[in-house]
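Dropping a structure here in structure tokens format, bear with me for questions.
Chains: A, B, C, D, E and F, in written order; residue numbering restarts at 1 for each.
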Amino acid sequence: MRRGLYPGRFQPFHLGHLQVVKWTLQRVDELIIVIGSAQESHTLSNPFTAGERMEMIRRALEGSNIDLSLIYFVPIPDILMNSVWVYHVKSFSPKFDVIISRNPLVMRLFKEAGYEVIEPPAYDRKIYNSTFIRRLIIENNNEWEKLVPAEVSAYIHEIRGDERLRSIAGFS
Amino acid sequence: MRRGLYPGRFQPFHLGHLQVVKWTLQRVDELIIVIGSAQESHTLSNPFTAGERMEMIRRALEGSNIDLSLIYFVPIPDILMNSVWVYHVKSFSPKFDVIISRNPLVMRLFKEAGYEVIEPPAYDRKIYNSTFIRRLIIENNNEWEKLVPAEVSAYIHEIRGDERLRSIAGFS
Amino acid sequence: MRRGLYPGRFQPFHLGHLQVVKWTLQRVDELIIVIGSAQESHTLSNPFTAGERMEMIRRALEGSNIDLSLIYFVPIPDILMNSVWVYHVKSFSPKFDVIISRNPLVMRLFKEAGYEVIEPPAYDRKIYNSTFIRRLIIENNNEWEKLVPAEVSAYIHEIRGDERLRSIAGFS
Amino acid sequence: MRRGLYPGRFQPFHLGHLQVVKWTLQRVDELIIVIGSAQESHTLSNPFTAGERMEMIRRALEGSNIDLSLIYFVPIPDILMNSVWVYHVKSFSPKFDVIISRNPLVMRLFKEAGYEVIEPPAYDRKIYNSTFIRRLIIENNNEWEKLVPAEVSAYIHEIRGDERLRSIAGFS
Amino acid sequence: MRRGLYPGRFQPFHLGHLQVVKWTLQRVDELIIVIGSAQESHTLSNPFTAGERMEMIRRALEGSNIDLSLIYFVPIPDILMNSVWVYHVKSFSPKFDVIISRNPLVMRLFKEAGYEVIEPPAYDRKIYNSTFIRRLIIENNNEWEKLVPAEVSAYIHEIRGDERLRSIAGFS
Amino acid sequence: MRRGLYPGRFQPFHLGHLQVVKWTLQRVDELIIVIGSAQESHTLSNPFTAGERMEMIRRALEGSNIDLSLIYFVPIPDILMNSVWVYHVKSFSPKFDVIISRNPLVMRLFKEAGYEVIEPPAYDRKIYNSTFIRRLIIENNNEWEKLVPAEVSAYIHEIRGDERLRSIAGFS
């Protein structure tokens, strides 16, 4: 059995992320989704709590008929020491065999620790981009809803996450 | 839908814990298992990492034919401030409706925050007791294997967790 | 009896802040002044220690004939988790009924926690603005003294706070 | 003007503490009461939040007709480094001239930093002792009410602090 | 070239420690002395600062004609996560090849990380024992001076460390 | 005997730093080199671990025939409270008499604590500048090797530090 580990902040989880999950599940038996910066929430860069992100991802995966019993979620708070970060992840997470990432720092740290790292194919980062999506939400531009799985936009509305982001930004 | 939250340290997960999980799943639709003191490992009181605990619990639940898609795992590091602990849990965890606990401090903190707390029936704490089980492991007394689900004892052997505990204790 | 809570960093306390305090004291019986980022000092953004800020505010209030026995000061270090910040404040502070703030994040966090938040009337933020005042101090432009209560400018001179700010900025 | 600094945990504030405050106010012009271990609450050793302790002390001083405008409260979280603790206190507190303490570590640390330390006369520590008082509360022995100022016992009842302590201890 | 790493708290550095250093220097080319719990000082268990410990060890090694250019000192604060501690040490320290320790936890953690660990011969832990030495100092029993290198007892007297320990203990 | 303390981040140690060390050793008997932000590594601003920095500096000093037995290295993690930073350094470091620095904040903090601070002569900060050197490394411009001691460039190549910096930057 082979397990992949996919780290991200997922603020929010968008269609590019979903594509990576699907691509990875064709290559591994089980997938650990690491929700990074888990202590963060209610900021312009990190509006959603770790729990909210876990919930929106689960719903999106369910909506794509992905078997949830193959998925692990591991929220991980920042540790502020890159030299030990890999081992921090290792201690909070079930065992894993391979890292899925295109992030240069993440790739470097896991490679220095001797892990196999695979790069998923690039998605279009001009639009499938959490920063861009948050900006659209703040500007009250509904186009953001097309960039995330339907379950994610429904969930964000349900918890009034769009309103939260706008009020933190000083609008409304 | 009603979600329960069951916090513990699970060092290790034993048959008493399993009984609580089963009892709870008859009363809620989904269950969040909070793995507390997630930053701890390799000590006499907390020998296993959060990831190892997550893995041993999953295997035990699978072995009991519990549907894993109804279960959430949330490892939570200590925050050392009881007054904000409930809100820390809340932010790391998907939404929950009711707390399952017999721990006086946990019960008190969630009640002060306005949550419903239900006490599962007591199991025999003289033997289904993680401290007692760890002591048996240190003393190399195989009786501990009868106090945990078969998958847990298999897993602990697989990761040589019994050996780890004995070597930390200064034996072997 | 009704208590208000007014959070700020007060680097330094200026006439706009004083106006808010006076306005609030006509609406509440007692006022808690929360000195945020209490661990910070000796930086361009946060030149004064929490203790110095407490002292300059007290003197300013005394100079305005405000009854000090109605005022509480609560220095609060940053906790870096917005999701628990309100509860952190709650635990360091005497009980309070209403929040006085125009800061979008502060307003949002207290509202999500179920608190009443009132917005004091806006003062002229172009000049009653701590960032602007610190810049004037660094540039050795005496105009800053007109933007703070007389007791505050006297206190800053007394502790040579203006000189400190200039030397941290690399001048003098 | 001469300011004293009196550090303690005040879990709870008792008649011995009150006696020290009164004795000190005959020797200094203003008094800073440092509420230590401010981050702690809801434990057997530290049942009350910093805010609750601030409130119970204020009421006790008011009840003794002490002028509150001469008193400063400074809640200070633990910093876990004795070598910098004095400077931590110094930065959170208005300026002070003399320390009031009989605690050997506190006395030593302030003396090493060059401060004057004065020892107030000993009170009867067999009964005016916070540990003893907490034990009486847990045992539901009303005698504890005679060991604290009347305002403190009233306040503890008002916030159901006695009930909290008993439930944390596993009683009730 | 082969480098050893010798971790300890050295509160204080005694003749048993010195014997380990000498034994090790016959087996490695260079030696890194890790001063653990570096943030601690002024307590009964950890009376000396990391800097004081570095200084007392250097003087003792000089007094034994050990070439200081072969020795590295690395003060390391506690990180409270055993699972990452080895990597924390690795990041604060020059590269090392072998661990010198008889401490079960230290041995276990470095072995799990794939390091070679060698156990130096046991010294008489009944008397060459920092806890015992601190107790003698507190009891004002001069016998402690025979258990540490002459330079260490001279240094402790020079900084009045014996007096500090007694005053923290509540004597003197 | 007179000891100097020279704090820096040394990311990496360059010829300007070496010049300061030489200049200082003509004025003091021993020199403590404080390696600041010791917890940082693997970022664009702080690519090297504290241990790597200690090792590159030692080799550079050896290469300049500086007597290593006169040099102390003290890695110090950030403490995020300027008001106690000097005392943090003091507790991690052997005793020192004078600070060598041209950094405005460092100079200010040590002066406020009553220390003598001396400014070494300025070197040409346009080229002897760690930020500039890191940029050259990222751009794969070999000119950086002329700006650091030969031992430092050899060491950085040995640990593939140039490659690390480029991969963190997203190149290669």
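One rule holds for everything that comes next: a residue touches a chain if its C-beta (ideal position, glycine included) is under 8 Å from a C-beta of that chain, and two chains touch if they have at least 3 such contacts.
This is a predicted model, so every value here is computed, not measured.
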item	value
Neighbouring chains common to chain E and chain F, by label	A, D
Distance between chain centroids, defined by C-alpha means - chain B, chain F (Å)	46
Centre-to-centre distance between chain E and chain D (centres being mean Cα positions), rounded to whole Å	37
For chain D, residues contacting two or more additional chains	39, 41, 49, 81, 83, 90-91
Touching pairs - complete list by chain label	A-B, A-C, A-E, A-F, B-C, B-D, B-E, C-D, C-F, D-E, D-F, E-F
Parts of chain A lying in touch with chain F, wherever the complex brings them together	80-83, 104-105, 107-109, 112
List of chain B residues in touch with chain C within their complex	79, 81, 83-84, 86-88, 90-91
List of chain F residues in touch with chain A within their complex	39-43, 49, 164, 167-170
Residues on chain A engaged by chain B in the complex (per definition of touch)	38-39, 41, 49-52, 54-55, 58, 67-69, 72-75, 77, 90-95
